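My questions will all concern the structure given below.
Letters are used for the chains, namely A, B and C, taken in the order the chains are written, and counting of residues starts over at 1 for each.
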Amino acid sequence: MSATAATLPTETTHRRSAWSLLKSTGPAGIAAAAVIAIATLVAIFGSLVAPFDPTTSDLSLSWVAPTGGHLLGFDGQGRDLLSRLLAGARTSLLGPLAVVILCMLAGTILAVTAAWRRGAVDAAISSGLDIMFAFPGILLAVLAAAVFGAGLLAAAIALAIAYTPYVARVLRGAALKERSQQYVSALEVQGASATSICMRHLIPNMLPLIVAQSTILFGYAMVDLAAISFLGLGVQPPNPDWGVMISENQPGIFQGYPLSALLPGLCIVLVVVAFNVLGERLFEQAQKARQ
Amino acid sequence: MSASIPAGATATAQSRTDAPLLEVDGLTVHLPVEGAQRDVLRDVSFGIRAGEALGLVGESGSGKSMTARAIDRLLPDGAEVEGAIRFEGRDVGTLAGADLRAFRGRVAMIFQDPRAHVNPVRRIGDFMTEALRTNLGVPTSTAERRAVHMLAQVGIDDGERRLRQYPHELSGGLLQRVMIAAALLTEPRLLLADEPTTALDVTTQAEVMAILHDLRREFDLAMLFITHDLELAAAVCDRTVVMYAGQIVEVRSSALLHGDPLHPYTAALAAARPDIGQTSRRLRAIPGRPLSAFEAPPGECAFAPRCPHVVDECRAGVPDIVELDGGRSRCVRARELRGRLGVSSDG
Amino acid sequence: MAEAAPVLEVSGLRKEFGELVAVDDVSFRVPAAGSLAIVGESGSGKTTVAKMIVGLERPTAGTIVACGNDRSKPARSTSDRRRRGGEVQIVFQDPYSSLDPRQTVEATLDEILRMHHGWPKDRRRQRVLELTELVGLDARQTRALPRGLSGGQRQRVAIARALAAEPRVLILDESVAALDVSIQAQVLNLLADIRDETSVSFVLISHDLAVVRQLAEETIVMWRGRVVERGATSRVLDEPQDDYTKQLRASVPRPGWKPQRRLVAAADEEG
């Protein structure tokens, strides 16, 4: 009963709007959100906006520097670099999105089930997760490519499986904490079903953590998928994809034409950093608001 | 209540009977709260004599814990302090380095939740002897012997075994007794006790209070006893200070506190408590809720919005402290209401 | 005086956690519109008894009958659980975790009403207003999130939520222990008012003897899982028979009190 600031009731009586939450993340957070928004727009409309056909190839124009309407020049196969970057955004962002959706779903279900049932069910799920931890993402993706053939879908599913134990482990802690709150017991005594408590109360109260995890995982998935495509096991050339572009244009670095390999790399870095920054800030803000 | 001088007490600059051991003078503290600097303590002044037990009573926002922290130099970052705190004649705020460590040896503090103040991965023995070994250079075996002896004083007989245990192996009551023993090892002159028994069972509380009473007499230890429990403070302390919204509203000898309080808040607080001896139809509840210093309406008596004896004059300005019958009251109507506030009189 | 059947009857209740016997042969009954206090300290088993009554713990042995329905075994179906929720409700101790931080008071109460009654929206809104008025919350507080409310206000919401199910028995598990003295008095008065208006029965779990005196007509004292004394509250407190009860009574601070080192060891004082 000491005189701490926490005893003062705050003015806010309504849940914050998304916009005010975003504003509270500061200039870095807003900049990151802007980058993500632009990347999303490019992913959706990129191929429409691209000035040239990203797949038209003219070998005589290989590695040519920016000239005329070709603002970034040409890649090793004589294709317009800018158009390929714009068109490549789609698979570069869609892939990680699929991974994040899959692993967050699986991870949340496992974590909440383990936390709600506790006891033997929790032990069984935790052991299962421990086994899954043994398989690194890239390894699973290589296996998937060997079994199902190279391609984005198989790689994405493989990564989702590899990420699930991390998600479940982190969320399980938050779920356990939430489950031990007295309002959950109060709802149980009222006669609410486990499902309705988990869906309506438990998971919404874990939302800050879920959102933060998603943004961070998006970054990791993007890098891992780019690496997989770089290895030739994900998106196949000649499809524009930032990971593939790094791979295809790698020889250009040694020949003195680094632009076509570096620019897709830069795009990846920019988007991944933006996701990380936004994710961290959102999480911080949500934690503060919770106090 | 005069205290006898124990053998070996170091001669200090002031005489024992007159100058207070601890003097808090106009203490005002501002803390950063949600971006702005806000008052949490306003003009707090009191003294504790050697060997005296002073109770500090208040509800949420009263500032009682903050006062103890200010004395022990444990305020959070960003705190601004005005006024002075003097211990054995020296200004506590200016102490640094070795002086500060020596001060901490002479003023010990125990807290409400002992587990939050002890390292769970260190043994009890390590924790207890640390101050002796590090600050006073006492060899480990001697420190441990003293620790075992002190544990026996707090009623823990198998001291050697306890020294080797970890905090989680002890119950809350036991751990609190260990904390008291640890606090007393450096032979402090003053014990700051911040709600030490609030989290304990009432029978354990009685035992801990009995232990504190015995130890205080044996070591001539002064105590600042912080609690929300008016009855407890009045029962175990010589004098009681009542705080509200970061200010002192009453200082009174404990024997007179219930029968003849000097401030309407003290009377209301006592009356709000259910009586263990009889059931009453309804309790005399105080409307509204207790405020922090920065929530209180400025420029008037902080208790005015909730006071049953409020008049216009109460809102004219923050009331000054009035000396009355050996006690003090921050009420403009203190003299007028004298004798009419007691629990025995009907409200 | 037992013409009507008791709303709550507990018989031979026992709970074991592995080797530890937390509750041992506890029996009591609560009449309609009655009030019973279960007094004890840590390790007494009183909270475990409360949890078994509301179904958060499963008894190892013994029976619990509320409103004529046996609830000694866990509920079989959701509708069964719901029905039990309409018989016995509970208000917990901690105001800071007893409300979903993302739900306004309105939404919290509305959810409970939807769960128990198939009423249309208007009727529910009306009832939410009645409940908030009953517990002394104003319009602003009703629209607020928990973080906009003080501890005392949150406990009022918890009480309103429990009453929304229209239970016959309300278990108060140290429900005022975490509140400031002046707020505690308000809430105790509120609870007394509610009993007058709705004839709900109280089971008060508490270690605070003064609060027990104020709110409960009958008392049982628990120590290390067993009932050591029972009777009218005034008799138990004024003329305790059992040694533990005497010690408990003697430990309450009052003017002139001289704390004594204990005679009967506490349940948790080993290690």
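Note that a residue touches a chain if its C-beta (ideal position, glycine included) is under 8 Å from a C-beta of that chain, and two chains touch if they have at least 3 such contacts.
Remember, predicted model here, so these are calculated numbers, not experimental data.
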Completion exercise
One chain pair leads in contact pairs, namely B-C
Practice task
Report back the single chain whose CA centre is most distant from the CA centre of chain B.
Solution key: A
Problem - Interchain centroid distance [CA atoms averaged], chain B/chain C, Å - result: 32
Problem - Approximate Å spacing (C-alpha centroids) for the pair chain A, chain C - result: 47
Problem - chain A and chain B, separation of their C-alpha mean positions in angstrom - result: 53
Handout entry: Residues of chain C whose C-beta touches two or more other chains
Key = 150-151, 180
Handout entry: Multi-partner residues of chain A (at least 2 other chains)
Key = 1, 7, 10
Practice task
Any chance you could list the residues of chain B touching two or more other chains?
Solution key: 59-60, 228
Practice task
Going by the contact rule at the top, pick out the chain B residues touching chain C in the complex.
Solution key: 59-60, 155, 165, 169-174, 201-207, 209-211, 213, 228-232, 234-236, 255, 258, 268-269, 272-287, 289-290
Handout entry: chain A - residues contacting chain C, complex
Key = 1, 7, 9-15, 181-183, 185-186, 188-193, 200-201, 204-205, 290-291
Exercise for the section: Under the touch definition given earlier, write down the residues of chain C that touch chain A in their complex. Expected result: 54-56, 75, 78, 81-86, 88-90, 92-94, 97-104, 111-112, 115-116, 140, 143-145, 147-151, 158, 161-162, 165, 180
Handout entry: Residues on chain C engaged by chain B in the complex (per definition of touch)
Key = 41-42, 150-152, 180-186, 188-189, 192, 207-211, 213-214, 233-234, 237-238, 247-248, 250-262, 264, 266, 268-271
